Amino acid sequence: MIKAGVVGATGYTGVELVRILSRHPEVQLAGLTSQTYSEQSLDSVFPSTAGFSEAVLETQDIRSLADRCDVIFTALPHGISMDVVQEVVAAGKKVIDLGADYRFDDIKIYEEWYKVTHKTPELAAASVYGLPEINRKLILEADVIGNPGCYPTSIILGLAPLLKNGMVKTDTLIADSKSGVSGGGRGLNLAFHYAECNENFKAYNIGRHRHTPEIEQELGKLAGECVTISFTPHLVPMTRGILSTIYASLVNPCSTEEILDQYRDFYSEEFFVRVHPEGQYPQTKWVYGSNFCDIGLTVDNRTGRVVVVSAIDNLVKGASGQAVQNMNLIFGLDEKTGLDFAPVFP
Amino acid sequence: MIKAGVVGATGYTGVELVRILSRHPEVQLAGLTSQTYSEQSLDSVFPSTAGFSEAVLETQDIRSLADRCDVIFTALPHGISMDVVQEVVAAGKKVIDLGADYRFDDIKIYEEWYKVTHKTPELAAASVYGLPEINRKLILEADVIGNPGCYPTSIILGLAPLLKNGMVKTDTLIADSKSGVSGGGRGLNLAFHYAECNENFKAYNIGRHRHTPEIEQELGKLAGECVTISFTPHLVPMTRGILSTIYASLVNPCSTEEILDQYRDFYSEEFFVRVHPEGQYPQTKWVYGSNFCDIGLTVDNRTGRVVVVSAIDNLVKGASGQAVQNMNLIFGLDEKTGLDFAPVFP
Amino acid sequence: MIKAGVVGATGYTGVELVRILSRHPEVQLAGLTSQTYSEQSLDSVFPSTAGFSEAVLETQDIRSLADRCDVIFTALPHGISMDVVQEVVAAGKKVIDLGADYRFDDIKIYEEWYKVTHKTPELAAASVYGLPEINRKLILEADVIGNPGCYPTSIILGLAPLLKNGMVKTDTLIADSKSGVSGGGRGLNLAFHYAECNENFKAYNIGRHRHTPEIEQELGKLAGECVTISFTPHLVPMTRGILSTIYASLVNPCSTEEILDQYRDFYSEEFFVRVHPEGQYPQTKWVYGSNFCDIGLTVDNRTGRVVVVSAIDNLVKGASGQAVQNMNLIFGLDEKTGLDFAPVFP
Amino acid sequence: MIKAGVVGATGYTGVELVRILSRHPEVQLAGLTSQTYSEQSLDSVFPSTAGFSEAVLETQDIRSLADRCDVIFTALPHGISMDVVQEVVAAGKKVIDLGADYRFDDIKIYEEWYKVTHKTPELAAASVYGLPEINRKLILEADVIGNPGCYPTSIILGLAPLLKNGMVKTDTLIADSKSGVSGGGRGLNLAFHYAECNENFKAYNIGRHRHTPEIEQELGKLAGECVTISFTPHLVPMTRGILSTIYASLVNPCSTEEILDQYRDFYSEEFFVRVHPEGQYPQTKWVYGSNFCDIGLTVDNRTGRVVVVSAIDNLVKGASGQAVQNMNLIFGLDEKTGLDFAPVFP
């Protein structure tokens, strides 16, 4: 049994980790920390977990936690993870960070977009961007995983075959993404107040969302050249789900079916990526509560563009599910272990 | 492995059965029928199931299906199940009917409320009302299970300890229930048209909903006397979940904690009933996608009433999950098998 | 033109007052105050108001505001209004308080339920409970209006004819009410965080909600005797709307149509109360954005109870619309002035 | 008083016309027709209208209706309006068609995209595309108005200043639009079934939605050259509102403020277009229930693109409100008459 700890267990990605790990056949939850709710039982904070966990939330004591664990998941705001990660690594344990601190090859880019000085540049350099479908080999040997952002997961998986195969002009990329409100976390904010979100739809942070540079980093590696992208996030009046609609101009005319073939080929070994047949576009409900990334696309001959639609559950494939997928890889388990639950529909 | 068939697999309770059974470690899905979508693959109708089932939907041929199955779930409108059930029983196989046809001890009551003549009175007499927490022993030996209605499950479990223990006046019972829209099924109806339901709340069928008599039947057996209840269903702008707020006048004054003790005692062996501590009332989100029935209550000394709140997921404990729980009992499995997934929160 | 001020203009009832008053043909908005947003323009806080109001939010200076106004609406938390109201009255102007401080005939009851000492008992004694359909004559001559709570408006209007006519047993009253989330106000609170409310339904404050005593006060006066009621509020995943389902045992058997006749008679002169025909129950969407209270009911002969359903928009008839209705009365205008807009459907 | 009729009064745009026209100070509703509900009172079909209209729905008899009316609004599916419009024009009355039949300068384009043969090509040639902010002069003299589609209204108003001023490359236009579900109408369809839409988000008809050619027609006239656009509609789990996120590459670098200045200038006389300050993007809730089109934008220097966001209420500015705005123009009224209600927020 793998002994796992969660630092920051009472945010939405934290409690989603607990949901998944508590049913994982090869994992034992060895410790959960919370700043806000320490010394309380988990099920008093999240009554949904009653019957699944008798855990009491601990004050954060990383050394003690690392002693009891083989792997620690850090579900903390960016900038806060660095101290924790360093301490876990020093204790010789693996760490999967759900924040942004370990996602970048070049910490200057991190520092520029996040307005934070990185405290552990060596660890950042050694960390791996934990998108298994793209970086599986590197993940297998990593000590520190920078678990991808939710939007980037949907966009990188949505574009990877096109960029890898040189099918599109890299200066024409536009990702118009829409997220459920749980992506904003559990912290109070007027932007996530029910009466302000419900029966409402809006864009935010146009052209300056912090997920932009990690998207460009991974797309650039796939393309073998620098890539810029216009990225616009939106807030949808729903709890879970991200749908990205991605536009790119084709280098050469081709048919929808030809590109779908490339996608089916690229993802032929991937359980968690489902490529839909021509004429069918994914809906967020089709992946609700699951670790799937669903993809559909069409070639628009009138405009010379391909339009790709990808859908994930932002808290599963976009966060905690992908983190467990990374853990499975690191510990030599079947990647699907504990993650092969079906989407909840309707 | 138990070989299971689903008749009516493309309604919401049908596809929920497929979701649960496809991950059940002791079940093999042996056949799914659909009137509307026969000869189509299940995942073309419900893309959420892609990767979990390669089933092709069959035209309804019960004899052939029964030959391949140990148990058949019928997820059909009331009045339609009777022919199917008879044929399955004749083939010597078990049947769990998710409709109303086999829920009644007295078919006259069924016929009066449902305006249908029962075609198989002997089977109706031999069938068992499949609420495991109340009727477990009978279920173990049943050939035909009448799987409880969604509202009745929440109300009967919410009131059972009070009636069993003679704590409340049986002529003061009122159940004010609220259901998500999936309870209305997948059939098109202006009442379930998005723009008519969203940002809206309404009552319907006040005092004449067909779930009333099965509630009174089971409560009457618990109380040892005839019971009538005022039952008002409402439609909530959400997909899943039922919450029942139940009022009853106490025979003698007592404290909230005394009654909670009785509930904890009554349900002490029940994994799927979670009794909340004083001051905490269940929310439908806490049981989302799971087979739990959560219960909280308070004694209101000003009015001499106890107010009980119970919450279930109408498609799981209120339908398909409970059906699988019944199947587990009939086949001698641990009741939790394939059903011990955690609620999806948020 | 009536010059009107709003103290606390940036809560939901405040901005709803602005929406209504800015289109009122006989009103000029003379001043809006806000603690949080003072010195900002209203349309920077609520861009929905752009083009309708060029107001800049003022720091609270009641003397100055009262000088400029004929009437002041106070949209403040309970306990906070008292100082303001006293100052406005001292300046010889009318005040309509949307909080609870001036709703009670007996301030001991107020102090007991609200855990606050009342600072202006004489004003409280002179104030009028501003439910025009019940207290119109008193309102015409009032200086201080205690504008009714949202739940009480729906429940008192729903029960008034039954109690006035002595049709029901006054110890059998139960009001099961359901409210949209805007009723919780604009203040940040985990209970109103989008991901906690959406796709969720819950009860709260069972038997101890502070709206209980004002309901009992007004019902008692209608009945001519003391009345207690079981009142349970619930939170519905929608922004606006309250629906109350109200149960009472009949003194003598009678038909639905007989009671509907009494309601039609009781409300025959009331534009803002719409009594629905037999078999039709109001839905919150039917009153969305409007000042109507819609009522439907049925007699359940099996149980000897009448079940009444009433629906309002909690921010209009349940708060700001009713406040303007009171203002119209006080200033001798047609009660409908500025309030006769149609509900927004769908 | 203008006497107005509505053909197809029981769809969502029809009942929204009734909501607006019933409060319009210069209009008398002279007749409402419905195929489905003829001979029923309007308020039995839409109880929200009780107290505002005593109309009884008529079977469609255009000659009789035209005799009683000065103007007729046709709220019918495309292809169906043509016979009605011809008859109204023959009777010498004005007609405002909310469908697509009279939106096109070139009926070949209409016939190609709608797969229908146009029956009245002369009327189509004489009709005017009823977007007042762009075509006001032509509208003033028109007999037949082709009222714009909902998506096109948001996109054309969003792009007009950029194209008129030659600021963007016309082969780089992408409109990613999101609509509430009421845009799908009141007809039953699994795509608009509550449990299929709620807590879900999807794209549909990518690159082939029928609103594409009218967008290109009007943008082309503004640009003075042929324009193609990639247009992707999406369905948002809300009832009302359209938000379009529009991308275009700039011909020359410029600042956000420079472009905003052009927008403020272009729309300086337009009450119903509100241009937001830099850094603020419109939300659909800000225009809920109103006739506004709100616009915000940003220049993204990293990619050389301008991103425009526009928001409307699809049933008001996107349909019935705009139709009344057109009527006001035709009959020489102030354009705002009956339309200057404030948005409902929250």
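All chains are identified by letter, namely A, B, C and D, in their written order; residue positions are counted from 1 within each chain.
Convention: a residue touches a chain if its C-beta (ideal position, glycine included) is under 8 Å from a C-beta of that chain, and two chains touch if they have at least 3 such contacts.
Treat the numbers as computed from the prediction; the structure is a model and nothing was measured.
Asker: In terms of CA centroid distance, which chain is the most far removed from chain C?
Answerer: Between chain C and the rest, the longest centre separation is with A.
Asker: Write down the chain pair with more C-beta contact pairs when A-C is set against A-D.
Answerer: Of A-C and A-D, it is A-D that has more C-beta pairs in contact.
Asker: Could you tell me the distance, in whole angstrom, between the mean C-alpha positions of chain A and chain C?
Answerer: Computed from C-alpha means, the inter-chain centre distance equals 46 Å.
Asker: If you average the CA atoms of chain A and of chain D, how far apart do the two points sit, in angstrom?
Answerer: Taking the average C-alpha coordinate of chain A and of chain D, the gap between them is 39 Å.
Asker: Pull out every residue in chain D that's touching 2 or more other chains.
Answerer: 12, 180, 182, 195, 198-199, 237-240, 282-283, 285, 288, 346
Asker: Which residues of chain A touch chain B in their complex?
Answerer: 12, 15, 19, 22-23, 46-52, 182, 198-199, 239-240, 271, 274, 276, 280, 282-283, 285-290, 292, 294, 340-346
Asker: How about chain B: which of its residues touch chain D in the complex?
Answerer: It is residues 12, 180-182, 184, 186, 188-190, 192-195, 197-199, 237-239 of chain B that touch chain D.
Asker: Of all residues in chain D, which touch chain A in the complex?
Answerer: 174, 176, 178, 180, 195-196, 198-204, 206-207, 228-230, 232, 234, 236-241, 243, 245, 247, 281-285, 288, 298, 300, 302-303, 305, 307, 309, 311, 346
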